[in-house]
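Paired with subunit B in one complex and with subunit C in the other, subunit A is shared by the two complexes that follow.
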Partner chain A sequence: MADYILQVRNLCKSFGAVQASANLSFSVERRNIHALIGPNGAGKTTIVNQLSGELEQDSGSILFNSVDISSYPVYRRVAAGLGRSFQITSVFDNLSVAENMALAILAGDGHNYRFWNHACNAASVKRELAAALSRVDLIDKADRSAGALSHGEKRQLEVGMALVGKPELLMLDEPMAGLGAGGTVELMKLIRQLKGQMTILLVEHDMDVVFALADRISVIVYGACIASGSPEEIRGNPEVQQAYLGEN
Partner chain B sequence: MILFAEQILNGLQLGITLFLMSAGLTLVFGIMKVINLAHGSFYMIGAYVGATVTAASGSFLAGILAALGAAGISGMVVELIVLRELYQRDHLDQVLATFGLIFFFNELTRIIWGKQPLFMDVPTWLQGNIEIMAGLVYPVYRLFVIGVGCLTALLLWFLFSRTRLGMQIRAGASNRRMVSALGVNIKLLYTLVFGLGTLLAGLAGVMAGPIFAVESGMGESILILTFVVIVIGGIGSVKGAVIGALLVGLVDTLGRAFLPQLFRLFLSSSVADGVGASLASMSIYILMAAVLILRPKGLFPSHD
Partner chain C sequence: MIESPSSSKKKLILVTAGALFLAALPVAATWSGDVYLISLFTRVIIYALAAVSLDLLIGYGGLISLGHAAFVGIGGYVTGILYVHGFEGEPLLGLFGGTDNALVVWPLAVLVAAGFALVIGSLSLRTSGMHFIMITLAFAQMLYYFAVGLEKYGGDDGLPLYSRNSLPGLDLGDDLQFYYVCLFCLALFLILTSRLVSSRFGLVLRGAAGNMRRILTLGIPGRRYQLVCFMIGGAGAGLAGALLANQTEYVSPTLLHWTVSGELMVMVLLGGLGSLFGPVLGAAVYLLLEEILAMYTEHWMAYLGPILILVVLFAKHGLFGVLTGRED
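Let's look at the complex of A and B:
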């Protein structure tokens, strides 16, 4: 029996007449890099938003470590170990790189509302900041405004912030979007280093990236999972080829 | 010269009252993207509760504390019951709902306190005048208002730049999804921010109590000035609220004091008084229009 960290069962979500998730079921094994792929408009980001808790499903359930988290708000899912990054980079441009990271560290350390303490002098920040910044190669840019970083560096910072919460499952929503070749290589290196420490759910367009990194792949078409398997199995699946190459 | 210094102090005092009002309003708009027309109602709540508790207890400090508590708590209750339903709606729904709240609170104060305005005395220890410089005698209470406002501005600056709540608020203003993805309870953060905003409005209200009459509907006239302040300062920016409030306070006060005299230099005195007075009452709107032409997003546009 495989050890599943995440089990999605019969998830449904409609926006008016559009079915973004249609009886969607798939499972993610612990310590795998599991990729979600699918043609544009397949509903991948909607799925991530349902898993993170930003969108409420119409029906179905989400089990995380065998606990039904379907009704948890976002912050409780994060506390349970479900971290994420966004398709559109979401670092705080008006804060410095170090402040961004400090915010993530403080958010994770459980004393969220001892708010009168000086933010950057908190013990947990002093302890973890340097390591958290070096992990994503940003230690030299700690004092810079996050808005001044390059696109690739913002991505690194964002992934670094998600890592601070020590998520058991990290969801990366199109991490390579908008990155040049150099940035893509850097980020792939980072993701590969994380492999084995945590489970990663990777939503990605770039097939080279997906096939280079993923242990398992699920293919989403019109909000339903039409195939799940190893990269080789997916590559050889006629239904998948049809979905990607068009009808007939 | 003496008159000028006195008017500057008057302008500062109006500006500081406006700052207390606009800091809360601009925070709520900057972070929750909600237009809260009922912000003036919390100013009124602060004034009424402050006046009542001061009269009953004989202590102005107790009145201030009660006003802060009443405005802050009623703000959080309104956030929980009304505002939470409005975050996802468009601005027109927000404006209608919070406009409705104005009527609700005005009527509520009439039911509780009646139609007669309350008058709040300046506490004995703040009565009288003080000679600041030769010939310039100024009421102690108004200096006290200026002092309290400056202290509050300092506390706010400390809260925003030095504490983790402040960091979360600044982060929430620039990207709420990310704050929530980091594991911050954003609903609780919103309630706290809204409560902080209404608490500041309540402080403005109780400080204004001994200067103006405390009456139903007193929040609306200051609300309009407050909106002018946050449009000038840049919606969502606390720094903009400080600068905008001082600008509006000074321009309005100095305009009313000196524009008629200025026009008397080249017009007959009756005409000059008429033109000066009407220009003075328009001056802050002219200032707002000028700022909007030069900087359409206000002096200190917040990040989006």
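Let's look at the complex of A and C:
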């Protein structure tokens, strides 16, 4: 039997009359890049928000490493190994690039009720900061205010911050959104490097990116998963073509 | 914090100059015979302590509290109530005697204020933004009316102390010695908070103020850090309250009134939000302007208002920001 890191079972979530998740079930295999695709408004970001714990489901369960985490608050899910980046870039604009990254490093290094020594002098920050900034090509901009970065750079920072937590499962919500062609190539290279180290749940609009990266694809339509399979299977699935690819 | 080298150098010069000024002031005042300056600046220093503790909440924690006077008042009442019980020899709650020993009273004032901050904070922090402002204001006003109703401790009229607290080896009744004790408390609090804001705790706090959602998705329970910050701010205000009760030898419900919270907020904004040292300057400018303008008119607020508007409009980081050339 396959080794599933994440199993979503019969997840339901409605906003009034709108069903954002309709009896949604899918499973993600360990060390795969698993893509979620679907037409606009299919409820992909709502799913990510439910997985991360920001939205509570109406019913159904989420199993992470076979443990039901569906009642965990956000920070406990992160501690369990579920990391995410946001569709709309979310960094700390009021802090410097280095402080942003330091915060991400410190988040995984015990408690932060330490009031005296400078945050950037913590052993874990000294050890990891330079490498973490280099990995996303931001070492030269360490002292800049994060709010002053370009959109692409913010996205690099965001992904870099999600990576330092060494999540077992990393959810990337439209990581390519707003990036130019060059940025997209860079980020694809980075995601490929990560494969094998962690499982990645990729929500992405760009079909070229999805078919180039994904091992498995689940297609979401109206909050339900209508098909799951390898890129070839998905490409050949008539239902998917009708519901989604055919429309493009 | 992102500071250019020139602005951090200016800051160092300014803080050193300010420290030297405050340290030398009583000597100069005694020499020139303007002794009233000592008590005026004692008041400045005590209000500065309260304003710095509020700046920690607003400027770093993003917690806009309009009820900070509550903790000043609690510190004051702890001092006053312990004093009265010590004076009359009647045990407090029938359990323990009162005291006027500063080494007992002041730490207790700090602890009780922090305890109240824990309760008020854990309820208020369930909200944010406008609701947080309103709920902190409501708690402070509640305590204000509670103090008004405390008939046993003077109610509306307040509670007179017949002398200042005693501190072994010193005479706090002496204005000069009391001045330096207050200055020591302010310096200590400034050193502790300046370390705090750049520490790991401070980084989490500043992150939570800017983007709470991201703090949570990093796996940090951000609200708890804000609560600890709220308690530290409350503790600082509690100490200020104990000192203020000592200076005036009088405690009254007006200490808890929302206008005091408002004054503290004005001092923070005037001096410079999120700079810790700025509010010291803010407290000095506010109280000195009050003193000077009040000599000419009883409507001095009418002149202070426009000054505040100009500072807020044209100097984002307050007077301290203007002097240090802070730009971010």
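Following the convention adopted for this analysis, the second predicted complex is superposed on the first by the 241 of 248 C-alpha atoms of A that agree within 3 Å, B and C clash if a C-alpha of one lies under 4 Å from a C-alpha of the other, contacts with A are read in each partner's own complex, and residues count from 1 in each chain.
Here, contacts are C-beta pairs under 8 Å (C-beta built on N, C-alpha and C of every residue); 3 or more make two chains touch, one makes a residue touch a chain.
As the structure is a computational prediction, the values presented were derived from the model and not from experiment.
J.: For the combined arrangement obtained by superposing on subunit A, do subunit B and subunit C clash, or do they fit?
T.: On the superposed model, which is not a single observed complex, subunit B and subunit C clash.
J.: Let me test your reading of the model: by the given contact rule, A:D143 touches which partner, first (subunit B), second (subunit C), both or neither?
T.: Touch partner of A:D143: subunit C, not subunit B.
J.: Is A:N94 in contact with subunit B, with subunit C, with both, or with neither (first, second, both, neither)?
T.: A:N94: touches subunit B and subunit C.
J.: Once the structures are superposed on A, label A:L106 by its partner contacts, choosing first (subunit B), second (subunit C), both or neither.
T.: both
J.: A:G38 in the overlay: touching subunit B, subunit C, both, or neither? Say first, second, both or neither.
T.: neither
J.: Using the superposition on chain A described above, determine whether A:Y75 touches subunit B (first), subunit C (second), both, or neither.
T.: both
J.: Just to be sure I read the superposition right, which of the two partners does A:G160 touch: subunit B = first, subunit C = second, or both, or neither?
T.: In the superposed model, A:G160 contacts neither subunit B nor subunit C.
J.: Is A:G183 in contact with subunit B, with subunit C, with both, or with neither (first, second, both, neither)?
T.: In the superposition, A:G183 contacts neither subunit B nor subunit C.
J.: Intersection of subunit A residues contacting subunit B with those contacting subunit C?
T.: Common to the two interfaces on subunit A: residues 52, 54, 73-75, 78-79, 83-84, 86, 90-95, 99, 102-104, 106-108, 112-119, 122, 161, 165.
J.: Mind pulling up the subunit A residues that touch subunit C in the complex?
T.: Touching subunit C: residues 52, 54, 73-75, 78-79, 83-84, 86, 90-96, 99, 102-104, 106-108, 112-119, 122, 143-145, 161, 165 of subunit A.
J.: Subunit A touches which residues of subunit B in the complex?
T.: Interface residues on the subunit B side: 162-168, 170-171, 173-175, 177-188, 303.
J.: So in the complex, which bits of subunit C are touching subunit A?
T.: 1-2, 192, 195-196, 198-204, 206-207, 209-211, 213-221, 225, 228, 328
J.: Considering only the defined contacts, which subunit A positions touch subunit B in the complex?
T.: Residues 52, 54, 73-75, 78-79, 83-84, 86, 90-95, 99, 102-104, 106-108, 112-119, 122, 147, 158, 161-162, 165 of subunit A touch subunit B in their complex.
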